[in-house]
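Presented sequentially are two complexes of chain A, the first with chain B as partner and the second with chain C.
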Partner chain A sequence: MFSKLKIKGGRPKQTNSNTSELARREQRLAYTLLLPTFIILALIAFYPLGQVFYTSFTDKTFASGEKTHFIGFDNYKRLLSITIKELPPIIDEKTGKQKIDPRTGEKLYERAIRVLPRKPIRYRELTQFSLFGKRYVIGATDRDFIQAIWNTISFTVISVLAETILGLGIALVMNSNFKGRGIMRATMLVPWAVITVVSARIWEFMLAPSRIGFFNMIFEKLGIGDGNMVFLSNKSIALPTLIIVDVWKTTPFMALLILAGLQLIPKSIYEAAKVDGASPIRQFFSITLPLLKPSLAVALVFRTLDALRVFDIFQVLLAQKTYSMASYNYYQLIGNRAMGLASAIGVIIFIIIFGFAVLYMKLLGVDTE
Partner chain B sequence: MKRGLVLLLVLALAFGVMGTALAENEKVVITIATGAVGQEYQLSVEAAQRYMELHPDVEVKVLVTPDLATDRLGLYLQFFEAKSSEVDVYQIDVIWPGDLAEHFVDLYEYGAKEVVDQHFPALIENNTVDGRLVAIPWFTDAGLLYYRKDLLEKYGLDVPKTWDELEKAARIIQEGERKAGNPDFWGFVWQGNAYEGLTCDALEWIASNGGGSIISPDKKITINNPNAIEMLERAASWVGTISPPGVIGMSEEDARAIWQAGNAAFMRNWPYAYSLGNAEDSAIKGLFDVAPLPAGKSGKGAATLGGWQLAVSKYSKHPEIAADVALFLASYEEQKIRAIKGSLNPTIKDLYKDPEVLKANPFFGRLYDVFINAVARPSTATAPKYNEVSTLFFRAVHSVLTGEKDAQTAIEELELDLQDLTGFEIGQP
Partner chain C sequence: MRNKGLIEVIKKGLFWLLVIIIFIYLVFPFYWAINSSLKSEAQLQMTPATFVPRDPETYKFAPTLQNYRAVFSNDKFVRGLINSAIVSMLTTLLALAVGSVSAFALGKLRFKGKTLSLYLILAMTMFPQVTVLSGLYAVINHLGIKAIPSMILSYMLFTLPFTTWVMTSFFKSLPNELLQSAQVDGATPFQTFYKILLPLTAPALVTTGLLSFIAAWNEYLFALTFTSIEPTARTVPVAIALFTGEVSRQIPFGEIMAAAVIVTIPLVVLVLIFQKRIVAGLTAGAVKG
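For the complex of A and B:
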């Protein structure tokens, strides 16, 4: 808005050159009036942010009188260094060929722990993969953090996608005319209204790894599992479980935002389309979706940025088994008291979220009218 | 009219505030931050009352802190970071003295010399950092083996003294009870979730098998040894056989839920489960007893030391009076009241011979050796990095229990991690 006005009018410049005393005085007054806003903004936004930036270059310990040293980019190096190394095959001395595991029949390679560099910082095995008959290992100096980034981003992408699709479906139903629509709209919001920590605890009880837990009981009745499924400690199903919990919780929020967008679309357009003989599906793709785009974009941005900061359900349900970026940050600050490192994590999270925000604005055109 | 009323109200409030301020100025206010688990808060308030009766010039306030130790540490750290004098006496976990020593006064300078000999020496050693006594023991904890008297009798078994015996007894009872119509019955429940509790359990296994205590008190990394690896493999073999698959997600209360519903033959837990298991609503009231944990290769069972201490803040405005309050709360008489009313294990040796205490908690006397010989986690040697040492350890153990890694690989990696973190040398247990 503001920038457009300036470009179109181009007037302020002109008045400046004409040295109109009144305009200059008004300008000065405007800046004086803006000054408190700038001071408050600097105090509440830039000061803490700057503090975190500065601390991220130090080795400060939380709640300790120990001397703090300036260590440059060491925290960032420790968090983000990644390397790829080829794993040499184990050669059988007798035959001169690669050894094969007698149990699984797979070719054997040197263990990653012997291949990854140890100095100056040790690289730990992140994952292995095969390419063109060779085996490689990816190592990271902070395996937990790289995994936390991966966990958070996959959590965000899958849960936001599911929430958007489900939310859109629910909003379309809510938008149609039927009896008890008001009650439906109110009850739909219940999962979102419950405090996340509380609902996460309830889910924790329901996901209990024995038949005390609701899901184990139901699943066993349905013939799935033996009543002893471990939902939260088994690495391969912990994240999908978490995504389901989040979808349950946040779909209502998406539905609400999309519903608000749907109600902005004038009914007369649909009536006109009907007269023209457009089918409901055609109506959806040609009218609803394009007109819904702005509200959908806002909802997506909200949810994505929120999901990237996810903390409570990770902390309550998985604690130190699997980290999200935010829960790893919390662990490094409170559990490990590494304030410098935690600040660096904070900065990296900030940059990632910022990147996502910019990407969205470019892709969906949120900032243009 | 309205304005007059408001003015009156403001004046009244101002005088009210001044009034209390004046009244408080005459008294020294000491704030103690204590736990509120079970009866803890009530017991602390009553103790504060008794102190105030003896010292009319002191007002003792009780600040309630979060139940979970990690949350409580987070709160304390914020007070310390701000060098706040808000709290004078802190209730601290047995693993914190090393990490937090710099924020506490040396209690030896405030008259603790006369009383230290009454307490368990292991606790005093644990709370002594560089020759300074940073905390006075308040109550203690150690891992115990809970067993079902009725089921051992039914199958003609003795209380297991070794892990072999425990495995065998657990298997026999589990099979028998399942055939008898209880499909939810398990042999042995314990704490297998990835958290501090797993460090305690795994330390007990390893120490009982002659595998040392992760890092020795003289700062050597001792975890990479055959006895430790063997024991971890054994523990991993329990998951899904004599212990439920979900044991890798269980903490104290999850294990107790299965046990107290009558669905387990054995349980590893802390003493607090004793009075709860004998409560009116318990399915196993009067059917169980406690014993020392089984032994491995070392021939002796091991119990991890737990419990809470009282420390006086360096930032307190009245450290002398605060120390006096702390020593009063940890005194013989006060610990006796807590033992009888709250089943909280005393740290004073003589109380284990006190008839009134023994009447309330019959197992205290029998298991005196367990409490006095409990194995300390390597918190003092690794301070201020114990929390990360413990996290690395329980995550390595958890990866073995879940089958993600074999014990050899997990322990080798753990050894490297510990070397990177602490810079200590490798040693033998």
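For the complex of A and C:
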């Protein structure tokens, strides 16, 4: 059984009834072993998830007795409709040329609101850009959600990348033999062990916009800023700040999973490499990294999944100012009681996450077979 | 010769410098929480903030335990600690038991529909918690499950796919020769699983166990929902979130920080106990070559 079968499978065809009997038994065993997992998931996942799909096509209101109607793809249309329109230049009637702002010297264009469609739902301006001397505007029917998708994806990409690199570094240090390793391994998990909501509060306090906060206190001592820096309400630094908080919080997750993966690499391989005269860097790239790939891939998949669903820190630190996909979902469900719309958001998040997961498997060559 | 010794010393020094930097990076915000938890309301408002609690007038070292006293005299918090311990422990055990059995099948056995199973299990955890909440609540209500078991069951939504996937990748990385030699010795697949493979994946079991335990210990939204009609079953995150200032509606930062410290210390102790299990070289020597 097991790999023996694999070896046999690789040979020229062998019609051995014994083998197929074994294969059948192996298959039966596999299904039996998977059964408990699927029973639990059926119990807690199939109905709730099915309901999310169904509700996303209705106009259901949360916690109310109002009648629900089937509305097809309307929720999705409302959330995802995007349009790009060209902005016509404002022509000066006297010269026949485009008007120019006398103060900034910039060319003037028609206001976006006059170009974007209003029916059946009003489009709002998302952003503008110039291409080949023409000016375009991107409009969306649900500006906040599109912005939330963008926020979440950039948050995910940057923070997961940083966490992986930092986590790998920390894991490599923890993997070497030194005194006090045990204590370091325990402290390594401290950030992950602090309850998320509470760690958001700790950071909120450290980031306080006056010198009662640690960062303003230290920045002032170092001569940076005036001691009244606003980290969380300033739109341009809010997201980077959030990424720093998240990286601190979840690097241990990556580091521990990578460390466990490192433990599975037999030491004998390194000894052999040393005998052959491979440098540590060479050893890292030709032994550690390839052998670490499976555990690294799984860690990456779960970390990315989690980052795409980020909720707590957006909710606590940025309140309703900047949304992540999940906190926008929460706002629509609890704040607006738009359950149908919230379900559609859930489905869209699911699809985005699924896309990421498949991409990872392909890119990292995780063989699921 | 002397030169070589010097290089060694520099290397060692740099290594320890790195360890210290990592240590400070990981621990500092937690240290700040400890520091804040030992400050009174007036000390928390001091500008500039101080690295240790200091008296606002004399500037002498003056920590206070009043926040800890307040937290411990709050029986909702103490009960929350017990509830959290029960829920997280049972969640972890259930997820490990069920997940590692599946992971053995997914990592080492050959059967039809393996890819589909893996994706299906992963897909369960791809919805944001908020979205699943109402449906899950309906199921739990319909089955008439009490608050504590319902939390354990609903936490499976994120711990079970996680343990299954991580353990699958670990089982896969174990050499097949192990299984073959066991089979030659006449072991049934199940014996091979729990007598040979399971002990070898101890580091992975401990790692996933710790991560799942912490995830369950941290969970807030499900706990808040499922304990809404049974307040005695509230877990620690919910208890902390429901802290309110005694005087005004202002957030009691000192108390929240004290609670954070109290809640984190058991986990650090737990990791200290178990970290020996994440020991190097468990598989080394198990297989020749």
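Criterion: the second predicted complex is superposed on the first by the 323 of 369 C-alpha atoms of A that agree within 3 Å, B and C clash if a C-alpha of one lies under 4 Å from a C-alpha of the other, contacts with A are read in each partner's own complex, and residues count from 1 in each chain.
The definition used in the following text is that a contact is a pair of C-beta atoms (placed from the backbone, for glycine too) under 8 Å apart; a residue touches a chain by one contact, two chains touch by 3 or more.
What you see is a predicted model, and the numbers here were worked out from it, not measured in a lab.
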item	value
Partner chain(s) touched by A:Arg185 [first = chain B, second = chain C, both, neither]	second
Contacts of A:Leu363 with chain B and chain C, given as first, second, both or neither	neither
Which superposed partner A:Thr37 touches (first chain B, second chain C, both, neither)	second
Which of chain B and chain C A:Phe62 touches, first, second, both or neither	both
Contacts of A:Pro209 with chain B and chain C, given as first, second, both or neither	first
First (chain B), second (chain C), both or neither touched by A:Leu29	second
Which superposed partner A:Ile195 touches (first chain B, second chain C, both, neither)	second
Partner chain(s) touched by A:Ile170 [first = chain B, second = chain C, both, neither]	second
Greater residue coverage of chain A in the superposed arrangement, chain B or chain C	C
On chain A, the residue positions that both chain B and chain C contact, one per complex	62, 210-212, 227, 334
Chain A - residues contacting chain C, complex	1-6, 23, 26-27, 29-31, 33-34, 36-37, 40-41, 43-45, 47-52, 62, 170, 173, 175-178, 182-199, 201-203, 205-206, 210-214, 216-217, 220-221, 227, 248, 251-253, 256-257, 259-261, 263-264, 266-268, 291, 294-295, 297-299, 301-302, 305, 309, 311-312, 325-326, 329-330, 333-334, 339, 342-343, 345-347, 349-350, 353-354, 357, 368-369
Chain B-touching residues of chain A, taken from the complex the two chains share	61-65, 111, 113, 118, 121-122, 124, 208-212, 227-230, 232-235, 319-321, 331, 334-337
Chain A contact footprint on chain B (complex, rising order)	70, 73-74, 76-78, 80-81, 99, 102-103, 183-184, 192-195, 240, 244-250, 254, 257-258, 384, 387-388, 391, 394-395, 398, 402, 404, 409, 412-413, 416-417, 420
Interface residues, chain C side, partner chain A - complex	15, 18-19, 22-23, 25-27, 29-30, 32-33, 36, 44-49, 98-99, 101-102, 104-106, 108-112, 114-115, 117-132, 134-136, 138-139, 153-154, 156-157, 160, 162, 164-166, 168-170, 172-174, 176-177, 179-180, 183, 189-190, 203-204, 207, 210-211, 214, 217-218, 220-221, 236-237, 240-241, 251, 253, 256-257, 259-260, 263-264, 267-268, 271-272, 275-276, 278-284, 287
